[in-house]
Amino acid sequence: MAQATSPPEVVQEDRSRRGGYSSDAAGLGRGRAAAFVAPALLLIAVFLVFPALWVLYLGLTNYRLTGAAAAEPQFVGLDNLIEAVTTPELWNSTWLTLQFVLGSAVIGQVVLGFTIAWLMRDRTGPLKRAVEGLVILAWILPSAIVSFLWVALLDADDGTLNAMLGIPGFPWLLDHPMLSIIIFNTWRGTAFSMMLYGAALGNVPPSHLESARLAGASGWQQLRDVVFPHIRGHILTNLLLISLWTFNDFSPFLLTAGGPDGRSEVLAVHVYKVALQSGELGHGAAVSTVILLINLVVAVFYLRLLRSKK
Amino acid sequence: MVRKRSMSVVAAIAAAGLGLAACGQSSGGGGDTVELTIAANAIAGGKNSASAEHITKWVIPKFEEAQKAKGKDVTVKFVPSGVDDEQYKTKLSLDLKSGKGADVFDFDSIWVGEFAEAGYVKPLSEFVGPEADSWDGWAQIPGAVQEMASFNGKKYALPVGTDGRVLYFNKTLFAKAGLPADWQPTSWQEILDASAKLKSAGVPVPIQLNAGTAMGEATSMQGALPLLAGAGGEVQQDGKWSGASQPVKDVLGLYQKIYGGGLGDPKLQQEAKGRDKSFQQFAEGEVGILLEGDYFWRSVVNPKTGVAPMADRDQTVGYAMIPAIEPGKGIHGQDFVSMSGGGVRTVNPNSAHPKEAFELLTFMLSPDALREETKDGNMRITPRTDVNKEILAGDPLLTFVSEKVLPVTAYRPPLAVYTQVSVALQEATAAIVSGTAPDQAAADYQKKLEGIVGGAGNIAS
Amino acid sequence: MTRFVLGRIGFYTLIAVLLAFFTIPLLWLVTAPFTSNPTYEVKVPDFTLENFQAVIDHPYALPSLWNSVVLSVGTALLVVLLAALAAYALSRVRLPGRDALLYALLLLSSIITGTAAMVPLFQLAVELNLIDSQFGLILILTGGLLPAAIFMMKDFMDSTPKSYEESARVFGASPLQIVRHVVVPLVRPGLATIGVWAVANVWGNFLMPYLLLSDVEKQPAAVITYTLYTEGGQANLKMLSTFGLLYSVPVVLMYLFVSKKYGFRFHGGIKR
Amino acid sequence: MAAIELRALTKVYPGGVKALDALDLTIPEGEFFALLGPSGCGKTTLLRTIAGLETATGGAVVIGDRDVTNLQPGARDIAMVFQDYALFPHMDVTDNIGYPLRIKKVAKPARREKAAEVGARLGLDHLMDRRPGQLSGGQQQRVALARVMATQAQAFLFDEPLSNLDARLRLEARTFLKKLQRELGVTTVFVTHDQAEALAMADRMAVMEAGHIRQIGTPAEVFQRPANTFVASFIGSTPMNLLDGVVRGDTLEVAGHSVAVPTSAKGRVPDGAEIVYGVRPEYMTYAAEPAEGAFGGKVAIVENLGATHLVTLDVNDVTVQAIVPEGSEPAIGDDGYALPRHDRALVYRNGELV
């Protein structure tokens, strides 16, 4: 790559840097890019990767919070894992979790969040602020308080919903526990998708939409041809994160305690019961490992789905 | 230049992050002053608020004063908490495992065994010294209550209180159903008969007997376990766990009669906040009979401080002992049974000042301290008979529990695995509520039990 | 014209339904605090203020709100700062294994939020002497939130045209200047989104603050909320509802502030 | 103001695509220089390599008397207008124009003064407080120019500066830009894919194809004497007639006709050689009557170009086009004859101009 005949005027120090500066947009170069990434990676390594690997290791022991196994945990290899995957409860929980994720995250939060972001995209003023404020409020209220709100809403005898529908005594949480927690979680989590899509829609150049509108595209066609291609990356991220979080969401416990009869015991609740209530941390860690693997499958599925369309 | 600067800024942030934090703490415990901390699941303005205030406003100043009089400079700091028992236990375990934690801390007596096995607590005499055994207060504490704070025959802690379970009933509803105001059933059948009468009298929930997993430990303590005792069984006896035994089947059979026969509200057992609702319903006069602890009297329907206050509690709420299935068929051949739990308090084996900490422990269990703690409507059953006689006089229910119930009560096995067994028991009752036959539920329970306690060899059926 | 009218009607009907869906569950929160003896029933309140007095008199309630603000804002700032730097570098420079690393970290981050991770995190905090330090807790919370934050942030970075930075670069701006002058303002809605997200995550977090902060004077409102129960685990609905209402006010104010100041969107308006 | 010199400049992308292949080029001080070519020819890469946004794989870039090959873009003392203008959407016009000075740590009042001065010169004085999103395309373009002017750089680089404007505005901007460059006298390199734009504005231009410069010259040179068939077909609003032929002594046999060897090629093509005969439609004289050396055929298409018409003749299955003045256009199907101007006709052999 070198070229021999440089003019004599060339400043000497520049010679050593021949080809040495980077050609990315901001001229960061790998060295500086690494420096930008380093502090985040350091925190992640110490406070995330290390403890996470520790959890995976705990899954291979019979560690408990108390009792003799707390003093001297034994290495049990894959016993926990095998026990976990051979109990029907786990697969029941997995199935319920899939319903929960699909219903509340993929269908509920993503669709509702996008719809609100789309409806509000060109608006300003009190209506937008009211809608967004309420949606966000549902999201940021601490779960300890939210559970009371929803019990007050869904209670069979005194609940607001039954009073409004005129069907006192209808036990939503008992007869339709999954539907209840799905709607609950949709209510609770829509804000994130709304905000993400709101910000993403802000990045769609309005001129693109204008030209599509001039070309006579209907609302749906505008979405499909202009908006979706533009925010595909955000959709992927959104789906991935929302699914991941919903997989690990513990808040259904506050509403149904996993019941009745385990009919709403999603995986996160299962882990909570095993690890915290029963104190079987080793077993709980093994179930966490299983959840991790399921999450991995889901993530790969999304990647395939959205990459293939590119 | 720029490159260098950005690098060093980044490095500085990272270093500051870890470095600053590392210098953030200083180790306490200086030369002359003895610093003690005391932790309890109590917090001013929240859970067990009165105990927290008792500690901060009375115990600490008085104890420091008393020590000063002896020429010792002791300061005590209270570390409040106010969370679920499970979370408090988690936090305690983590602290103790790491060699940290308060010098003196409260915990549930049911954890004594598992904490001892994990090495989180040690026999008091081992590290406090002989004064742990020679404390004069022991003489005032009944053996069963002492047992609560012991494991394998060694004293690990001091009991700080106990309780008992009874059958509460609503006298107004009873009158409506033609039942006596001084009702005292002597067999399970009498309970069922009373419930049936309440039902015909139009009482929405004739009897509330906690069941299912949503209620958690409340199902065991205010449901399955006292009934099991009434059927002559124990969840664990002589190292063997009770499987699909006759007592277990009897208990499940009673559940089946109540929830299969329309005497109880099955839905209430499945709701996450079912227990809260059962309290509210009782306070609103919709529940005829309720099996609950003395806590229900003191803190739930208490006209002044209760969460579901009943202004006419003393007139309306009746109480009776829990009968055995039939007279003389209860545990140890008893006619009546109950279950008890209670808190204990101990010294952290990691404490730098175990002797002073033990003094604080005994100070808090002195008659003066207990008298102070339980005044102003903050009545509860203390571990000391001498104090109980004096303070409980004003409260009929607590006197009743202390005099009639505690002599016949039983305690749970203080083993780590108990929590899982308890859950299995709750699941068995849940199965009954949703329609499974008692024999089937008992068989399922035994199967589950085998998985938990390590094989059929540890099970007696 | 009729189509337009129908569209308007449809729009407002939809908005009304949405508003109802998000408002009705909140009714309890606005009635119960003003009711003398709240139950799980939405009732017309008797407009008492004694519950508020009780919260004000509570020794830890109001200070804990301040702790929540410190923890959540501290975490949010750290998350946004570190994630922005990292995401920018990852977006603009192809580091080997970048995508695989991000996905792996994201998956691991889900384990860390699970119950099973509390033991490792606690013992780690003990070893690093971060117990009972709000700053330590902020670091730990930040570590758990960073992968998702970087992930989201990278999307925002990826979708900004590179010509802005190139332009600044030709004028002689250094990388840090480019980030400060150009990139950060361009992705401000993204930064605000992630900031609010981080705040919301910390705001309701109970377990980690409870385990890692023993000193009640450092504990956030989420922990204090859990204390508003009786010894038997029965909720003190008077305190809970009232504190819950007060608890939500700072976050709502924070959101309104952020959305007003940073949330407005930029339209490039370049391609016509 | 400085000259720009490229020596054997090479750019190979990772993956082996050779975007620039050992280019040599000198652009004298003050010149308005166009880089023209179809998309993908490397013209934008070349501009970006001069700017330093791409690293040269080999060769050197010299601006003035400095070898800047390995300098950061910001150290090259150049200024660039991007295709999308890259105006910072969060800054108003004043701040956008003043941004280069902000980087140079010029104090804020001085920045504002300079921005106002440059802005006024470009007729932006009433827009100084607006943000780019509130400006029309033409106004944005002028802001981008103003920002570049505020730098007082040694050289300006424009990447397709007009392509984002609508057709009418583009012509105006063309004139404006040319005038401005004259006045400023700053060496300016601009990239375009529009040959008319290059012809209209540039002092000199380079036509590029696949990483190579195929011709350098003034617009007149490039238009009149395209150095090869590629340039010949690329330049001109109507493509040049390029007809296959064979040399037969003093004449060429093209499309079944015999035409004289053009002046420029006389004596430079051997007998029997296969050549391409090139003549622009503008240099064809159309007549309804046969004439000596004219291509005769049937009128296939007549296209209205406004003041003129483009007539396409079918000459023995070969297409020949000629420009016809207003009013004398034939009807489709007529017999017609196109007579090439002898002094403007060109001969290409192996693709290169003879």
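Every chain is named by a letter (A, B, C and D) in the order it is written, and numbering of its residues begins at 1.
Going forward, a contact is a pair of C-beta atoms (placed from the backbone, for glycine too) under 8 Å apart; a residue touches a chain by one contact, two chains touch by 3 or more.
Keep in mind that this is a model prediction, so the values were computed, not measured.
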{"item": "For chain D, the least number of touch steps when starting out from chain C", "value": "1"}
{"item": "Set of chains whose contacts include both chain B and chain A", "value": "C"}
{"item": "Which of A-C and B-C has more C-beta pairs touching across its chains", "value": "A-C"}
{"item": "From chain A, the most remote chain by mean C-alpha position", "value": "D"}
{"item": "Centre-of-Cα separation between chain D and chain A, whole angstrom", "value": "52"}
{"item": "Cα-centroid distance, chain A relative to chain C, in whole angstrom", "value": "14"}
{"item": "Centre-to-centre distance between chain D and chain B (centres being mean Cα positions), rounded to whole Å", "value": "89"}
{"item": "Centroid distance [mean C-alpha coordinates] between chain C and chain B, Å", "value": "37"}
{"item": "Multi-partner residues of chain A (each touching 2 or more other chains)", "value": "22, 25, 27, 32, 36, 39, 43, 46, 65, 151, 155, 276"}
{"item": "For chain D, residues that touch 2 or more chains besides their own", "value": "52-53, 72-73"}
{"item": "Per-residue overlap in chain B, given as positions that touch at least 2 other chains", "value": "6, 10, 17-18, 87, 90, 94, 97, 273, 277"}
{"item": "Interfacial residue positions of chain B with respect to chain A in the complex", "value": "3, 6-7, 10-11, 13-14, 17-18, 86-87, 89-90, 93-94, 97, 111, 113-115, 117-120, 212-214, 216, 267, 270-273, 277, 415-417, 419-420, 423, 430-431, 434"}
{"item": "Complex contact set, residues of chain B against chain C", "value": "2, 5-6, 10, 17-18, 20-22, 24-25, 39, 43-48, 79-85, 87, 90-91, 94-95, 97-98, 100, 273, 275-277, 279-280, 293, 295-296, 299-300, 307-309"}
{"item": "Residues of chain A that touch chain C when the two form their complex", "value": "22, 24-30, 32-34, 36-37, 39-41, 43-44, 46-52, 54-56, 58-59, 63, 65, 112, 115-116, 119, 127, 129-145, 148-153, 155, 158-161, 163-164, 187, 191-192, 195-196, 198-203, 205-208, 230, 233-234, 237, 240-241, 244-245, 247-248, 250, 268, 271-272, 275-276, 281, 284-285, 287-288, 291-292, 295-296, 299, 303"}
{"item": "Complex contacts: residues of chain C adjacent to chain B", "value": "37, 39-40, 57-61, 85, 118-119, 122-123, 126, 128-133, 135-136, 139, 174-176, 207, 210-211, 214-216, 223-224, 226-237, 239"}
{"item": "Complex interface listing, chain A residues touching chain B", "value": "31-32, 35-36, 38-39, 42-43, 46, 64-71, 147, 151, 155-156, 171, 173-174, 253-262, 273, 276-280"}
